[in-house]
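Listed below are the structures to be examined.
Two complexes follow with chain A in common, the first pairing it with chain B and the second with chain C.
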Partner chain A sequence: MQEIAMTILDIIQNSLRAQAMQIQLWIKDSIKDNMIHIEICDNGCGMSLETLQQVTNPFFTTRTTRSIGLGIPLFKESVEATGGSFQIDSRLQKGTKIIGEYVKNHIDTPPMGNLVDTMITCIQFDAKVNYCFHYQNDDWAFDMNTEDVKALLDDVPINQPEIILWLKDYIKEGMHQ
Partner chain B sequence: MIRYVESREGENMKVNQILQLPLELINDVNCEEEIRDVYIGDLLSVVMAHGKEGALWLTVQKHLNVVAVAELLDFAGIVFVQGSYPDEETIQKATELQIPLLVSSKDAFALAKDLIMLGL
Partner chain C sequence: MKSLDELKKIREQAKERMAVRGQEGQEYRVVVGMATCGIAAGARPVLNTFVQEVAKEHLPVTVMQTGCIGMCALEPIVEVFDKDNQKTTYVLIDEKKAKDIVLRHLMHGEVIDEYTVGHYSK
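Showing the complex of A and B:
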């Protein structure tokens, strides 16, 4: 992926396919610690130990439409190409947690890309899924939980166009853009 | 000396016809596959999005993921350029899938020029 935000979107799609209702995205982008920490945690159907051991192999996939799954292998490769580390942990019926940590000043570390669009795309996709978003860098932090937003909305679906437009501005502002 | 091959309409060059170039086939596969295009790229996601079926792919990447991309897009073969050499696991998987793997010490541009001279 050319941008980290696109990789995150790809990984979140896995969570959605695993019927996750709660997805946590935690990002720490720090010059001081020279790292970009990406953590995606979901409460989807999870994986057995056997599946987990094969998941970074591109020739393993649970999809039946094609025999090759490159989402996780590409994320792992991209992180490791920068000297960073990749971890995946999962338990059946509990969920999955993926951590990728890029070395920030490595020449092969992709640019962050548009996290606002990634968040909005996710929220828009399915109003029933809840997202807990945390971003921090050396100077500031931003937190957003779609459950809090939904509490304010009463019965209006969160993916209504007007709400999405408002949310987009809200996240943009929070992300100092 | 590289022999120039006249490209005839409706007939594509096969992988075994490029073996006269300064490159080496490193796995035991049938090289009868036709080369319908050439693609140069190292960012796998971009190659996945833009590579065409039947393409010969020139890259410096040598991870197992390269074989997955080639299989997904039905590439004619992979050339590891600039002395890049894949590991045993990658070679094995490509052989199993009958994807020709070639290596060259030349860089992608120099090799592309050779391929053009050959009539590709």
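Showing the complex of A and C:
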């Protein structure tokens, strides 16, 4: 993956496939602390201990189209290549939490990339899912909860193309303070 | 700075367009593969190009995401379903090709043969 934002999108696709209705994305990007902290937490179907132990193995997958699953192994390897840390925790019927922490100034740390597109791509997937986004760096922070947006939309689904386009500009402005 | 209140205006526009789309019916369904393979190959800008063009041109088209379609080397893959559920599979799509598909296929009903999986495997 060329961007951290693409890895995040990939991991959130796992949450969506696990029927999560509530997904939290928490990012701290700090030069001061020399780290990029990525945390994704969902209330999807979760995994058994047995599955959890295999999930960082690229030759394990639950899908049937192919016999390999690279999403989580790629994230783990990308984080660990920078000297950072990776954690995954999951409980059946409760959800899954993944934390990856990159060492920011390491030469192998990928660029953050386009977080705005990642967020709107997530929102576009299914209007029923709710997201809580939090991004902070050393100078400013941006927060968005899709429930606040939906409260203003009445019966118009949040993933209507017109709404998605507006949200894209809204998030873009929020992320360029 | 945009405020969430502005959203109310956009909501009314979206409502009107939804009503129009509802009357005319959905002409096409566009499905973009968004598994690890798709994302790594550049499916995110492809998906967002479709969303943007559909909104801009007010097209009666639904844009959807799916998982791995099974031909990872040919990602980004885009499937276009017409009203009769006839499927056209486009492979190795980028933003420019996505715009071509919107213009030629979604707006004028022309299948772009040279982007299809059939053309690629010849």
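Odds and ends about this structure:
Convention: the second predicted complex is superposed on the first by the 176 of 177 C-alpha atoms of A that agree within 3 Å, B and C clash if a C-alpha of one lies under 4 Å from a C-alpha of the other, contacts with A are read in each partner's own complex, and residues count from 1 in each chain.
Note that in this section a contact is a pair of C-beta atoms (placed from the backbone, for glycine too) under 8 Å apart; a residue touches a chain by one contact, two chains touch by 3 or more.
All figures in this text were calculated on a predicted structure; none of them were measured in a lab.
Annotation for the three-chain superposition on chain A: chain B and chain C fit side by side.
More residues of chain A are in touch with C than with the other of chain B and chain C.
In the superposed model, A:Glu39 lies in contact with neither chain B nor chain C. Judged by the touch definition given at the top, the superposed model places A:Tyr170 against chain C, while chain B stays out of reach.
After overlaying the two complexes on the shared chain, residue contacts for A:Ile120 are found with chain C alone; chain B is out of touch. In the superposed model, A:Asp89 lies in contact with neither chain B nor chain C. In the superposed pair of complexes, A:Leu9 makes contact with chain C only, with no contact to chain B.
Touch criterion met: A:Met1 reaches chain B and chain C at once. Put simply, the three-chain overlay gives an angle of 80° at chain A, taking C-alpha centres for chain B and chain C and rounding to the nearest 10. Superposition on chain A places chain B within reach of chain C only down to 5 Å, the least C-alpha distance between them. Comparing the two complexes, residues 1-2, 6, 66, 70, 74 of chain A contact chain B in one case and chain C in the other. For chain C in complex with chain A, the touching residues are 1-2, 4-8, 10-11, 13-15, 17-18, 34-37, 39-40, 44-45, 47-48, 51-52, 54-55, 63, 65, 67-70, 72. Only residues 1-2, 6, 9-10, 13, 17, 63, 65-66, 69-71, 74, 114, 117-118, 120-121, 124-125, 148-149, 152-154, 156, 160-166, 168-170, 173 of chain A touch chain C when the two sit together in their complex. Chain contact summary for the complex, chain A toward chain B: residues 1-2, 6, 57-59, 66, 68, 70, 73-74, 77. Those residues of chain B whose C-beta lies close enough to touch chain A in the complex are 43-46, 48, 63-65, 67-69, 71-72, 93.
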